[in-house]
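Below: one structure in structure tokens.
For reference, chains read A, B, C and D in written order, and residue numbers begin at 1 within each chain.
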């Protein structure tokens, strides 16, 4: 399983473009059948947002700054969530995706504790959608049952679709052909998805930019989400 | 045979009677049969549509695949598979969205499949405001409306969106046909006719009071440009200064935020303008906005030095004045004029004088002008939701959801003269009718000659030679190259004196709910507020100094009181709020607006004005219950007890 | 857990019901007449899912052919009433399994329909002869060097 | 009730030690009923959680583990009472151990059974717990041996097996004796359990050897079990969990709470069964000294753990440290220090104050303190993760509280039933002690 194949999916987020508008958050809800929260569960911290925009205030009025940062699963190469799962429900696949296998998950939630980015979410109950909201469900994405972990998949259903189409047409997946829902929606085009194994891909070039950093890099998690800091 | 197959069989054979007791609902099998011609399982289709969550009218594309629902026919419940919209994306061919979409646009599909839609015409049965209705047949409802309209044409006020569209054109034609006054609007949407700002090619941008990355004009259009402005040009990074009375989403992205007093945008721009003209800014202007002369001079100087400066302001006249001083018209990175319109957008109107009110979908006077319906005799609503206004209506004749409708809308913010066109491609879920159709039915019953304006008829002037309507429908719109109109530049700015009081409340459009119209969408309810991270509610934002003097902490319940009224809300101590300026977003506080928004939070328009800040008193309510749900309660990177 | 227990209990009681179809459709007869599986179950070769034909499709032939046969009469009855035949599913995955099965890659790889569905061509009424569980899938994937990554099917 | 053939029970000691086995008072029945009621309520709460979803507990993002895991660590800690103490004392041949060992060993087995339940109770899909065991399937799916949770499963099942054997071995001569002197179902049970014990010299030697051997093994297993439990936390990269001293810190804490539990159990047995003659001041005094020693050791570890975090001043660790010492968790933190250090130090450190009563009070304090210690290790770290935007507050619900409360009653219930079926003091060991003492004099 450790053998790397052609692709190594990654994302670059230009924080200078990002406005914190949260279009990505809503797009993710629409694409990935995220369970709905309600006021009580939201107050309990149980709202599921595979991608969120962290905001911090720095300084005091009037010299106060706001920091926005979209945070999603960082798809770490050395993911802390992976070794601790006792049943291999989360693991690194050959394309560098940190996969969550819902039907294997027994719900120890250890991965959630060990994720320094806190991007893993738990299904506390079986999800419910009042009729006919379920008509909107994306048939390409599983409806997760209660008791299992879930998290950003880099829109694996879109990756699979594109790879399958490319295979049918006997060609490679083109750069930019795959866009996760968040990146597709982003009005400022702050998010770029692509293949790190292709040095010419947009994401490779952005990852190599002087502004490129990774979140909590010091932990050695080797995330595959690159943040391009603000500034020239 | 294993159990999972068994359940499928069982639920099919016995119509789920036995299987439900085992909690296997999700295991149950929907009818296997899908008409091949309608939708093929596992295959996606894309259709164009238009987003109607704000006035910008972004062209979108909708992904259609199979979906399952429970239907009841002849007293029998069963599951069936239908074609359903799965997701909206921006239409790449659309000049406004350019293939992108904002959060509210993404959530529009939840409006379509909302569990609490009005499923057919309703007649009020209880007292007004009790929200008791009985379903009626369309004929009865039409007859009821005709009864109310007959002979009262001069008393009629039709409320619709401040836009130029096939819908507003049809309404204009209708009111003319029956002899009623022109349609008006009560919406807080930015009206059509704003100049276009070429943000993408500007080098130095001064924004004043316009939340163009959040709610102003077309956030999608300006965010697309903003990305280019910042990082789209190799070696060039645009510099951005925002003068605003609160830390809006736009201000939070600025390199420099200039806090100015609410209502002093024009005074600030007048001061900038004075410096640009080589004059001294008047002290009263500086006092009004609370910015030092030094800072005003520095910003004006920076504007002057920049090779491509740009001033974007909510106050169009003031923006044009300063841009004029910078010689900034019709050039890259500057301001462009407005294209000739296909019609005229309804003007703001006061509903208080109306006797018979017709309210188009999207208009909600009961929420945006609380108490204004008290003297209205008859209210007829076309809303697909039981919102604050519809709840008071005598008749509800529900419109289709926008995604089920045919439509054509002139895009007010667009680099070209353009109309977005959407055609219905999923069957209406319920017994609803397009407003145009309802009006035609009413007119017929009243024996008035009337035909609605079709999208094709509306957009026809823009069609190029040889361009077929089918092409337009397939692309989702039509764009025409046209000469933009001249910009009227004021020679001087009239600055009204700004009143200052110790504690004022200003309201603003919220990123999640816009002017409250998206509050019924659960995805928007659970979208954290950009400032406070609040979910399922909106708090009042108080600066730390004022909060500590009133002994208020984040999450406390507070009473906000003005001469107009009083509300009770959660407080959020906003680290970037201007001392003495309290802000609250419009969006929550609906008396009626489906299960997701009814009775949640408070409506700031009960105490304050949408346009003008108002003096308020704030006090903590001791012992109040409830908890403000926040996605990230911690708004600083360090905790209060971090560090030695 | 409750699901499992309830499932086990009822499975024992219901063995005979599995092939009880509203119309005794003879697959073998149709194949002998020269039809291929994908003529009716369209989509299996090109798309994710194979479909079950609408009664309209049956009527393409049976509007004229064999109108007096008892079973065909049932089909005509459904068609006349304008409702679909409530076929009983023979193969499928539970939603709990979170399997995203695609027919098309399997078809492309040259896997015969019979490998997973049994030799329906020789059956009159389709019966579940191949166990559709992860063991069956994986055994085949190992033998034929198909992908064994969990995320190949589960996501 | 099984009758005892009177002439055989000549020994008064035997009569007294066997009495509770053969005579059931109304008070006993009442206490059992009360405990059973709470236990049943806990079971109901668990059933409700299974049916409705684990969400009925107060856990949330980011506090994915809370008092279920606190209880887990706590009860595994208590389990060290027994086996470890009795094994150490047996290996060092401390004569005063003899009336104490069985009481201790029983605690171990029951605490392990209860503690071992929590990893299952806290699962999101508890009915799939068997996926944590390695068993062959055609899918070739194995558990992940890199996961500390799997080490837990291995360690705890080993420990439970070992300590059950260790409890059982010294029970054999006693049940054999009981089998000879009882009738009815008891006789059959005792006879089966006595595995054909005749009391020959060879058997005594084999038993002696087996017990020595098991003591050695169990000691190693016990130390490793709690180290593994500590690794559940220290193997992660969460602030204040990723600590190298967690292994020994947890072992020390476990022995500490284990001794406290043993002291309480002994005090209760002494009082209710009127065994003042067998469980003397001497035994309590010795155990109190041991408790005092462990209290000092615990304090040393706590200081070492917190001082390094404070001195290092790493922001992410300080967020947790600060929350514990001066933030929202401060009341619990200082309560823990008082319970675990101040109270035992004063009550047991001053010889004048060291009595059976004060030792019991100190022990109760230590149990409370150690429960709080585990709470303070688990909850603040998870509440104050590395990214401040994800911080969140945890509060338990009635389900968690009910299940937690039920574990204490279950423990007491199991213990009472055990004491009803088997002599809580190893009679034969005690007899040999009496013989030894009399022969010396």
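Heads up, the rule we're going with is that a contact is a pair of C-beta atoms (placed from the backbone, for glycine too) under 8 Å apart; a residue touches a chain by one contact, two chains touch by 3 or more.
This structure is a prediction, so every number in the text was calculated from the model and none was measured.
Most C-beta contact pairs, which chains?
A-B
So how far apart, in whole Å, are subunit A and subunit D when each is placed at the average of its C-alpha atoms?
Computed from C-alpha means, the inter-chain centre distance equals 43 Å.
Please compute the C-alpha centroid of subunit B, do the same for subunit C, then give the distance between them in whole Å.
Chain centres of subunit B and subunit C, defined by C-alpha means, are spaced 48 Å apart.
Using the average of all C-alpha atoms in each chain as its centre, how far is it in Å between subunit A and subunit C?
So the centre of subunit A lies 36 Å away from the centre of subunit C.
Let me have the rounded angstrom distance from the C-alpha centre of subunit A over to the C-alpha centre of subunit B, please.
28
Could you tell me which residues belong to subunit C and also touch two or more other chains?
Correct list: 2, 4, 95-97, 102.
Quick check on subunit A: which residues sit in contact with 2+ other chains?
52, 54-56, 88, 104, 126, 143, 145
Listing for subunit D: what residues touch at least two other chains?
Residues 388-390, 392 of subunit D each touch two or more of the other chains.
Is the chain-to-chain touch network here best called a line, a ring, a star, complete, or other?
Chain contacts: complete, every pair touches.
Considering the complex alone, what residue numbers of subunit A touch subunit C?
So the residues of subunit A touching subunit C come out as 1, 88, 91, 93-94, 97, 99, 101-104, 140-145, 153, 156-157, 160, 164, 167-168.
Looking at the complex, which residues from subunit B come into contact with subunit D?
Residues 632-634, 636-644.
For a test of understanding, state which residues of subunit A touch subunit B in their complex under the given definition.
These residues of subunit A touch subunit B: 14, 16-17, 19-23, 25-27, 29-31, 36-39, 42-43, 47, 49, 52-58, 60-62, 64, 66, 68, 126, 130-139, 143, 145, 181, 184-190, 228, 231-232.
Can you list the subunit C residues touching subunit B in their complex?
Residues 2-4, 6-8, 10-11, 14-15, 17-18, 20, 42-43, 47-49, 51-57, 84-97, 102, 128, 131, 133.
For the complex, which residues does subunit D have touching subunit A?
For this pair, the touching residues of subunit D are 52-55, 58-65, 119, 122-125, 128-129, 131-132, 141-144, 146-150, 153, 232, 235-238, 382, 385-390, 392-393.
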